[in-house]
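Right after this note come the structures.
Here come two complexes built around subunit A, the first alongside subunit B, the second alongside subunit C.
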Partner chain A sequence: MTPSIITLGPHQLALEEPMYFKVELEGDTVVGLDVMAGHVHRGMEHLVMKRNLYQNITLLERLCSLCSNSHPSTFCTAVEDIAGIVVPERAEYLRAIADEIKRISSHLFNCAIMAHIIGQGALFKNVMQIREIMQETKEAIYGNRMDLAANCIGGVRYELTPELSMYLGQRMELMKAPLDELYRIYTTDPAIRVRTEGLGVLPRQEAKDYAVVGPVARGSGIAYDVRKKSPYGAYDRLNFLVATETSGDVRARASVRLREAQESVSLIEQCLTRMPDGKSCADILPEIPAGETIAKSEAPRGELIYYLSTDGSDMPARLKWRVPSYMNWDALKVMLKGERVTDIPLIVNSIDPCISCTDR
Partner chain B sequence: MATAPKNLSEPLLQLYRINAGSCNGCDVELATTATVASFDVERIGCSYTESPAEADIVLVTGPLTVRVREKVLRAYGEVPEPKITVAVGVCPISGGVFRDSYAVDGPVDRYLPVDVNVPGCPPRPQAILAGIEEAVLLWRARRDGVLPPPVASQPHPEKGAVSTGVRGKMDFNPAACVGCRMCEHVCAGGAIRFNEEFTGLRFTLWHNSCVFCGLCRHYCPTGALTVTDEWQLAHRQDQKYHLTTQGIMPYAPCSGCGELLLPVAPELLRVAFRGTGREIDRLKSLCTECRQKQSIGGRRR
Partner chain C sequence: MNDVKDRVQAALSQTGEEPLIEWRSDRKGVLTGWCRLGEAALILPAAEALVGLEGRLSTITAYLTDSARQRGVREIAYHFDLDGTTLTVTIELPLEDARVPSLTMIFRNADWNERELMELYDIQVTGHPDPRRLFLDKSIEPAAFERLIPFSTFTNGAASKALWNKVMTMSGTEKAA
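The block that comes next holds the complex of A and B.
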């Protein structure tokens, strides 16, 4: 049989962002894949060098809205490293809280879209409704439902008053039962299991070969989590489990995400109890000397690495980053091979692709 | 939630989304207006379609990247007339933080006619709904070949109800501004401009380029900038460049030589000296040169 080639776009794949695939098919089986990227290329590496370090805090938050807190917090960590700024302990906890809040929302959005692709309309709406608890929380604490504007060089620029801390604690309490229920549904519901088990498998060795990160790696049995392997901020003082699965299929990745969301709730609660009083930001206008550094963090989609080089002015001399989706995209070739064309959207969604991060 | 005047004979208007290279923030919020009951677009007589040929109203997100431009224009061209276009978020309206990039070709209205703008980064779902409601009014007027109804002077009371702490548009107090221009320096969207005019220093903030991050407020030494909770900013295209906040800091003559200078705001004196005395009050009315002369010539040590 001669292979045929079809092009799939965002509307066929239920993606929020424009990404196109050239898929090579034999019958209805995928034999080859080519990704046509760059639609969300906004020239970010060029733009960050035209903006000063302060403007870049806001600009980088718009690199991607689903992991929007990871970018500025990692960037600020890099600047602080070069300038030798010691971030107050309270700010470390406040940064962790912002990161974990975003992680829960991001993972729930991915699981919601997964239900949508499977055709479980009611579950889709249900997950989005649960996610609203997080959205309302973000709006009440940070003033925006997506971009928190939490970070500044030297710490954070938001404060959790005793009232807001109590509010956040109550909201986390509200999340517990729905998250347990979702985990149960996504791992045991027969209609979901039949669509996701054994689908889009990425074996452990291939996961290593493709250097995948985040829930994609952990779903294939690789317990790599930056928060655990090289703790930053407050994470060395917090207790949490790195969720892993061994089957490497769509179900495994969803299960990892939902368990991580549960862990995030516990992390936020720990932060609220352990967070000391004090300043939430060091010196407001520090001098940034010439230097270079690397900072990394665990974004919702996996390891995020920032390289920053400065020349003593307040414009970065070079700023480059490696985003988690970059490696995870490539591994789709393994996951999709031999699968049916109708399963492509589900498998693509299972890596939680972030196109605006990858194309930037 | 507000509802458009219900007319049961009107069919649901179809909304078609076009992502013109967005960071996905607005797109995720559009997804909530399809799934979360309290923000459901069906409440205002609309529903989403995946086919441009069925659409009545086009929602554009993103700054219009060079790479996606042709695809956007093709999809837009497939939407039959009459159609109304809504720019969702500041990126399609002005380019937002992505302005001046070689890879960005916006704003969107360079290539296609925009009718309604919904500023925000991303806008709240409530603001997006308000923009869509406006688009529905314009669509009906265009279909019926009549002039669109005038803009209601007061927003719908329900829409004005805000939860506390929402980051809305910035407000500016010229009396507290010292013209240090730190806000202009830290603004990623280039929304703030200072112009030296004959009578004073003019401050201009364009809300269609502002991403409501509040960094200007954070770095303002005198608190001249504040974040308000005013998020209801959806407006028609003819208002696009009127959505500004301005202020003038008038010059005053130096009490020594009469040259015009920007007076020192009391807020700055409070920050710098905690309080003021007679000596500070006298010195602050002098220009730098006169201050130098007086302190050197006044008392020789």
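The block that comes next holds the complex of A and C.
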């Protein structure tokens, strides 16, 4: 049979951002894939070199909405490292709280879209309603549903009063039973299992070869989490399990995300218990000297790495970042091979693709 | 921790050079290593040696800073992850006719990184299996970070292009494209 090539775009793939695929088919089976990126390229790496280090906090938060806190917090960590700024302990916990709140929302959004793709409308609505607890929490604490504007060089620019801490604790209590129930549904419901088990498999060795990170890697048995491997902020004092699965399929990746959301609730509670009183930002901001550094964090989609080079001015000499989705796209070639064309949207969704992050 | 340092030093010695590696430890005890290779071509044996340590290519940063330009060079920093320790290996390339070997045979994920640096800078990656544009449209002149390009052209955005044309027409300095 002569292979045919079709082009799929965001409409066919249930994506809210533009990415195009050239898919090679034999009958209705995928035999080849070419990912065509760049449709939301905004020249961000050029723009950051035309703004000073303080302006870039705001710009980087607008790179992407789902992992919007990871970018400014990791960038600020890089600047703090070059300048030798010590972040107050309280600020480290407040940064972890912001990151974990975003992680829960991001993971639930992905699981909701998965339900939508497999035609489980009621489940989609249910997951989005549970996620709404987190969205309202963000509104109450930060004043925004997506961009939290939580970070500044030297710490954070928000505070949790005793009243807000109590509120956040109550909201986390509200999340526990629904998250347990979602984990049960996604891992045991026959209608979901039949669509997700054994689908879009990325074996462990291929996961390693393609250098994937985050829940995609952990779903294939690679227990890599930056929070454990290269602890930053408060994570060296917090207890959590790195969720892993071994089957490397769509189900495994969803299972990892839902268990991580449960761990995030625990992490936020630990932060609220252990967070000391004190300042939430360093008092004095020194001039930023010339230097170069690396800063890493575990964003919702996996390892985020920033490289910053400074020359003694307040403009970055070079600022480069690599987002977790960057490698995960290429691994779709393995996940999609041999699968039916109708399953492409479900498999693409299972890498939780972030297109604005990828294109920059 | 010293174990990682010794293993990296031994691995990079296989390139035929004895590179000087600067190790830094942050307040959490997370190590980062920084080294420069004498010749750009040594990045290939260095990468081969690091894959032997179960290293992973995290990303590649090409850049052309003012200070490097004054020295008549450009640089590429390769960032490798060694189970939580990040090693940055930097090479220098000439400003003109810069060439560097592809790492795709060793690290598959070098593919996109190298395609991206080729469209942003005037650097040829030799031996790349698929040296097409990655993000930028092929109608855009190469080495986008090394020349002045209207922002709307750079981002290929229709809305901002219309705005750019309007501004340029109103200012009378340039005919609308």
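Following the convention adopted for this analysis, the second predicted complex is superposed on the first by the 358 of 360 C-alpha atoms of A that agree within 3 Å, B and C clash if a C-alpha of one lies under 4 Å from a C-alpha of the other, contacts with A are read in each partner's own complex, and residues count from 1 in each chain.
Assume a residue touches a chain if its C-beta (ideal position, glycine included) is under 8 Å from a C-beta of that chain, and two chains touch if they have at least 3 such contacts.
This structure is a prediction, so every number in the text was calculated from the model and none was measured.
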| item | value |
| --- | --- |
| Partner chain in contact with A:197 - subunit B first, subunit C second, else both or neither | neither |
| Touched partner set for A:269, first subunit B, second subunit C, both or neither | neither |
| Which superposed partner A:307 touches (first subunit B, second subunit C, both, neither) | second |
| Subunit B versus subunit C as contact partner of A:327, first or second or both or neither | second |
| Which superposed partner A:189 touches (first subunit B, second subunit C, both, neither) | neither |
| Which superposed partner A:284 touches (first subunit B, second subunit C, both, neither) | first |
| Touching partner for A:339 - first (subunit B), second (subunit C), both, neither | neither |
| First (subunit B), second (subunit C), both or neither touched by A:43 | both |
| Touched partner set for A:18, first subunit B, second subunit C, both or neither | first |
| Common ground on subunit A, meaning residues reached by subunit C in one complex and by subunit B in the other | 38, 41-43, 46 |
| Subunit C residues touching subunit A - in the complex, by the definition given at the top | 26-30, 32, 34, 56-59, 61, 63, 65-67, 77, 79, 81, 83-86, 88, 107-109, 111-113, 120, 133-137, 144-145, 151, 154-157 |
| Residues of subunit A touching subunit C in the complex | 37-38, 41-43, 45-46, 81, 86, 208-211, 226, 228-232, 236, 292-294, 296, 303, 305, 307, 309, 311, 317-318, 320, 322, 326-327, 329-330, 359-360 |
| Interfacial residue positions of subunit A with respect to subunit B in the complex | 10-11, 16-18, 38-44, 46-47, 50-52, 54-59, 61-66, 68, 109, 112, 124-125, 128-129, 132, 135-136, 139-147, 149, 152, 157, 284-285, 354-356 |
| Sites on subunit B touched by subunit A in the complex | 19, 21-29, 31-32, 35-37, 50, 62-63, 65-68, 71, 96-98, 100-104, 121-122, 124-125, 163-167, 185-189, 211-215, 218-219, 227 |
